[in-house]
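I am attaching a structure below and will ask some questions about it afterwards.
For clarity, chains are labelled A, B, C, D and E in written order, and residue numbers in each chain start from 1.
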Amino acid sequence: MQELKNRIKQLMEENVAQRALGWKKGEFGYDAQAAFFESTDELDDFVYNGFCGANLSKYMIEACKKEGRTIICLKPCDTYSFNQLLKEHRIQREKAYIIGVGCKGTLDISKIKANGIEGIVDIEGADMFSSENLLKIKTVYGDHELAYSDALLERCNCCKGKEHMIFDEIIGESADTVSADRFEQIEKIEQLTSIEKFEFFRNELSKCIRCNACRNACPACNCRKCVFDSDKFDSAQKANSDSFEEKMFHIIRAFHVAGRCTDCGECSRVCPQNIPLHLFNRKFIKDINMLYGDFSAGSNCEENCPLTSYSFDDAEPGKI
Amino acid sequence: MKKINLNKLKELFAYISEKSSLFLPIESANSINFGMYDEKAKVRLDVLKTSKSPKDLFFPQSETLYSCQSAKGKISIEPQALQNDEFVVFGMKNCDFAALEILDKVFLSEPVDTFYKARRDNATIVTLACARPSESCFCKAYGIDCAQGAGDVSAWIIGEYFYWCANTQKGVALLEKTAHLFEDADEADVESAKAQIRDIVAKMPLMSLDLKNWGKGKTAEKFDSPLWDELYKPCLACGTCTFVCPTCQCYDIKDYKAGEKVVRYRCWDSCMYSDFTMMAHGNNRTSQMQRFRQRFMHKLVYFPDNNDGVFSCTGCGRCVDKCPASLNIVKVIKAFDKEA
Amino acid sequence: MPMNSTESFAPKIVAFCCNWCSYAGADLAGSSRLAYPADVKIIKVPCSCRVNPMFILRAFEKGADGVIICGCHPGDCHYSTGNYYARRRMTLLFSMLEYIGIEKDRVRVEWVSAAEAVKFSETMNSFVLQIKNLGENVRLGDLRCKS
Amino acid sequence: MSNREEKVLQISGVNPRKCMKCGKCSASCPSYDEMDIKPHQFVSYVLNGRTKALAESKSVEKCLACFACVERCPRNVEPAKIIDAARQLNVRQRYGDTLSANDIPSLIDEDTPQQLLVSAFRKYKR
Amino acid sequence: MQRIGVFVCHCGSNIAATVDVKRVALAMLSENGVVFADDYQYMCSESGQLKIAQAVKEHNLTGLVICSCSPRMHEATFRKAAEKAGINPYMVEIANIREQCSWIHKDIEQATQKAIILARAAVAKVNLNSPLIAGKSPVKKRALVIGGGIAGIQTALDIADAGFEVDIVEKTPSIGGKMSQLDKTFPTLDCSACILTPKMVDCAAHEKITIFTYSEVENVSGFVGNFTVDIKKKARYVDSAKCTGCGLCQEKCPSKKALSEFNCGLSNRSAIYTPFAQAVPNVPVIDPLQCIKLKTGKCGLCEKVCAANAIDYTQKDEIITREYGAIVVATGFDVINLDNYDEYAYSQSKDVITSLELERIMNAAGPTKGHLERMSDGKAPKNIVFVQCVGSRCADNKGKSYCSKICCMYTAKHAMLIRDKYPDVNVSVFYIDVRTPGKNFDEFYRRAVEEYGVNYIKGQVGKVTPEPDGSLTVHGVDLIDGRQVKISADMVVLAAAIEPNASVRQLATQLTASIDTNNFLTEAHPKLRPVESPTAGVFLSGVCQGPKDIPETVSQAGAAAAKVIGLLAKNELTTNPCTAHSDELLCNGCSACANVCPYGAISYQDKEVNDHGIRETRRIAMVNTALCQGCGACTVTCPSGAMDLNGFSNKQIIAEVDAICR
């Protein structure tokens, strides 16, 4: 991490960029937050550890409105979102200096807490660049240890890959964290009966409090004003008054990002109600791959989105 | 002071729920929230904090105010019935109960919110002391003692037993109704448990949060601080903090076209949203910084200004746990402390 | 009042028809007196690609029991490519609806040319029957719209 | 349409109304001269309720089932299937109508070879 | 707030017999925005329209809902009526209660209920309508005719004679088309070349006509009045400006093995060739697949003998971009491939030929110099059998389901000509039906039978068998006589079905014109607009629209020309105002809409916007309303809803949905 910090400092001192976009340490060792570093002094609080799950690419939209260049730290999966934003003209390449940072998987604090670990005051061993696979968790109620690999976010268990799709330089190594098939959960749901599917999603979605965290964290949901906030479709919603609205919201949200979603998993990560929202997006990804050929949004800036292209012999609706 | 073995709680719940609706922390789809008890419910009294606060038992996320219909050129209005059945809320934490008292200041002062009042009047609240507070708790900063009971009935879980005692008339009534299930208990057991809890509280990192720089009359000092410009930046503008908060009380009123009729309902609003307090001319607060500032200024300055110095926060720490960008009121308070 | 028996159940069915082929096909079905149930109400859109998933969900929200989208045959779109986009959009949307447990037979896409009056009428007859067999839409409606 | 006509149509699966009376079937038929009712006339016999005559005609026996008419018919009418169906009518008439599968075991002689049953089913399976 | 008037039409009893029109009108009175509702016998009549005008005046209406027949029928009528009454024509919506209600339902209660709902939806929509003003777009005063056969030639001449510029694009080296291959024409038996060649020459000489032969349409963009077309001029290797048409090159060319396309492959031609003597332009082309020089670099004989120095082996294909106001498709037909009809032995015997091949054989300029000869041995045939309907009227998937329309007549012509010139030749015609609807057509056919003794046999041929002695046995049937017939023939002529030229599929896609299952181009209306395609500015001429004989083709060509002239005579066109537009405050500038726009109507601009006090420069989508055709593909691809469509806005459609589901 120190290497990364030093390099950012150097780049800022050399005036390659005017600020840096990274992560800042929080109160308990697990609540790192996204942060702009406007001066080298501020870099003291810079961290890069397993709890730096936040995908910074969406913050680049704001960064592009500022004077000068911004150093942005992107994990391999974040670069897909960056590309996608570039493709949609929401950010400008020349405004960013991309440091591709190595990643050994991002951590899920709720997974740690699910082990009955409470009163956490500090966590050691979460550094991204250490090869240690042990989290030492200090709590008010005593100390705990947990394997790093056992506390990964679901998204990291089916990681898209260690390659950065776009970068100016790369710092740090990335580790292989894949331990599950990306579409396994989807296939399981597909095999349920219609009513079972309905019950499953009703249960999950009934938890939705319409806080919009999923939408606001999502790099693909980058509309200046969401349809659910505007009156364009007479569809402005603030809260779920009926079980219909959350369905509408999540279906349409998934549809709007279909072919653009990079499966970065931020939606599920940020959901305060732990709704597995990626199940929607991944279903579309799976269908798109099956019907229109393998497609990975954000793997480059050129390829046309499957929903804005077609072929003469596409599958017929309802016939798959 | 009465007690009952934990394995007989189910009997207690069944008994209470026979007479009136019973709400308590229930696990469903991997999430724990206050819900209505039934035999299949997975009760989780062991969990410190529900995802959402129990405020929506009194101030639901959305509720119909009335519906109206036009027929032959005339509009008829059908009012929404008020809550008129008694119900019991079981296992509320002290911070959440304290939050209700804050909501009372808003909804029970003139003009009284009849929907809210009806629910408050009909509720019997059983609070449960926090056996194991968490690192995100900072209730003590607001003078709340999570070891001590509050509400109509105070309760503790100590070892194999559930203890409770009544604080109000409503509480006495509940205890009387269920007396046959309980045995007498020793106050001393409870006192030692309280002491234990207070010991833990002393060790929790945020409990000692200092609020001396906040409160009445701080508007001028805080409002134009350049710190806001830095603090808000990671904010995603989602409504998580406001929706999990037990004290946030803002709502919007909307109409829903339901076929032939129109339903007027209110629903929680969030000051984090760009269309919060949107009016015909536009919005008072045009930037996320302003909206972000509004939330914390309201909780820590404006509300105390209007309510004898009472903060509109009880330190439940849900925003600390849930904020997707790991921002929260504690970070704001500390940032200003550091500056000062 | 929710009606249970298939006999008395009059489903609400919204049909989005493109102006150039299917709406004309429906007109021809009319002038050829090829009957189909009155439960079907047609909304004219310029092209099947004008049909937004929001419209479909909106229809269900407000109490529709079935939604059918009719457009020109692939290759015959008046705007040359509109129905190809519609085809992809609807394929994905329908797949999603099925995935979250909505009966997949509540939605359909059918390509009907201006000349295919018989097909239009047959399609509507069979779709209405299909919806009647499914019964009232309870999984995807807004309860407030149920009278 | 009488029962017999319907039966022929059901067995053959032919829609006689598709015929445009071009006569290509008759032109193609190698047994034309042997037949009293010619291939192109089959459809009209069925349509005009004269299936009985068709079933009793020589044509029933003379059709070689070479399927030239089926192959060449520009309208996919398949006259050979009509005459075959007429033949089938006769067969069924002769032995009473078909048996249901359940009736068969009791009718079978212990010594009946399996082969015979199988070929019988093949022949009369319609 | 709108003030809407609802007018319910009885359409005589067409609507009123099944829909209680009074109830519909009454029900509409309690709808939001409706201030007036009435019913009337015939809304579209003059007095009906007057009623509308009166109501507009009396009730100060701002919007109209007409419950009547399909908008496809009378929308334009009522829009005009509205305009006359002082309301914007786009403030009118039609509830289709005839085609989509009264005509398909029998139960009065059901039909009335449905009519009420349809009217309600129209009212809900009008509540959200806003006045639209049609834009103007200029008309490029030049027409493009694709195909240089008789259809294209006639269309071009008629347009040019009206004073407009016309370009003809022809795929082959010469204009003339199929008609130039014919010997005589029915029913007058005049020489095809004699009537066609002067027209070809007229075309070439006409100052308003530019001919691009040996050229193809490469790309079409734009819209009615403003098409831009890329024409690929294939390399001719001969400089048209220098060539004098002396023909010496063709004579000297050592490569003479290529099959002559003009003679249906019955004779050979040289590598450098003009398809026929009267070709227009009379400039040869070099077939690069046959030319020794182009293939091997050796030879160059033609260059040496050309006194005009017109040979240029370095010529390349060239793209010419031209602008047009109108496009006429006249791509014509081909004879179908007979591979599926093995029973007629076409591929087995040289003496089984198609009728088009017989035309060439009978023609004095053809492979046999006009002598009737067998292609196998050059002997004069004694017995000729004609087979009709080969591949036409077939419901199987081997042939075409339609009647090719011209075969009965040309077969009668052939039979008659042969009997006339060679009275000793026996001619039999196997037919299914003889179809002769046309002026003097049946008389012509009867003459073939009665005066020329052609033996017409009712019955299709089952099989043609080539015999070892070179003869052909035709197995047929005489359905009238009730016997099978076997005829030993020397020559069998097949009246093969015709089909649209294969190039039409791609062309239809380029033009966004639609084609039917048989690849014939679809007309805008089968009865009322037979020479227009549904795509504005694209017209149809000749067999590309459906089988036709020459007089029909010529008259359709004239009709298409008249339509084109009508269009080009206008200085500007009013454009459809139902176009897309983007809300600059909501637009993300993501380009998704531009990706799906079939007309390239969307571009992006960096524009300063004031978003509730925040001033910033944003990338915003802009719609060129002249290019936009209003399909709405962009509106759905836009996630924020910034893109919307006039006349079919998101809110309007949602209002209709709500009204229907209420």
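In this text, a contact is a pair of C-beta atoms (placed from the backbone, for glycine too) under 8 Å apart; a residue touches a chain by one contact, two chains touch by 3 or more.
Just so it is clear, the structure is predicted and the values come from calculations on it, not from any experiment.
K.L.:
Give the chains in contact with both chain B and chain D, ordered by label.
P.N.:
Common neighbours, chain B/chain D: E.
K.L.:
Out of curiosity, which chains are bumping into both chain C and chain D?
P.N.:
Expected: E.
K.L.:
Between chain pairs B-E and B-C, which one is joined by a greater number of C-beta pairs in contact?
P.N.:
Here the pair linked by more C-beta pairs in contact is B-E.
K.L.:
Using CA atom means as chain centres, which chain is nearest the centre of all the protein shown?
P.N.:
Central chain is C.
K.L.:
Quick one: which chain's Cα centre is the longest way from chain D's?
P.N.:
The most distant chain relative to chain D turns out to be B.
K.L.:
Mind checking the centre-to-centre distance between chain D and chain E? Centres are C-alpha means, answer in whole Å.
P.N.:
Those two chain centres are 46 Å apart.
K.L.:
Distance-wise, how many Å sit between the C-alpha centres of chain A and chain C, to the nearest whole number?
P.N.:
From the centre of chain A to the centre of chain C is 37 Å.
K.L.:
CA centre of chain A versus CA centre of chain D: separation in Å?
P.N.:
Chain centroid spacing, chain A to chain D, equals 70 Å.
K.L.:
How many angstrom between the C-alpha centroids of chain E and chain C?
P.N.:
The answer is 31 Å.
K.L.:
Touching two or more other chains, which residues of chain A qualify?
P.N.:
225, 227, 233, 241, 307-308
K.L.:
Residues of chain E that contact two or more other chains, please.
P.N.:
Within chain E, residues 596, 637, 650, 654, 658, 661-662 contact more than one other chain.
K.L.:
Which residue numbers or ranges of chain B touch two or more of the other chains?
P.N.:
If we look for residues of chain B contacting two or more partner chains, we find 256, 259-260.
K.L.:
Just spell out which pairs of chains touch, all of them.
P.N.:
Between chains, contact exists in these pairs: A-B, A-C, A-E, B-C, B-E, C-E, D-E.
K.L.:
Where on chain B is chain C touching in the complex?
P.N.:
Spelled out, the residues of chain B in touch with chain C are 256, 258-260, 263.
K.L.:
Residue numbers of chain B touching chain E in their complex, please.
P.N.:
My answer: residues 70-73, 257, 259-260, 282-283, 286-287.
K.L.:
Which chain A residues qualify as touching chain E in the complex?
P.N.:
65, 87-90, 222-227, 230, 232-234, 256-257, 304-305, 307-309
K.L.:
What part of chain A is in contact with chain B in the complex they form?
P.N.:
26-28, 31-36, 54, 59, 62, 118-121, 139-141, 203-204, 206-207, 209-213, 215-217, 225, 229, 236, 238-241, 269-270, 272-275
K.L.:
What residues of chain E sit close enough to touch chain D in their complex?
P.N.:
Contacts found on chain E: 343, 389, 393-396, 398-399, 432, 458-463, 475-477, 479, 482, 484.
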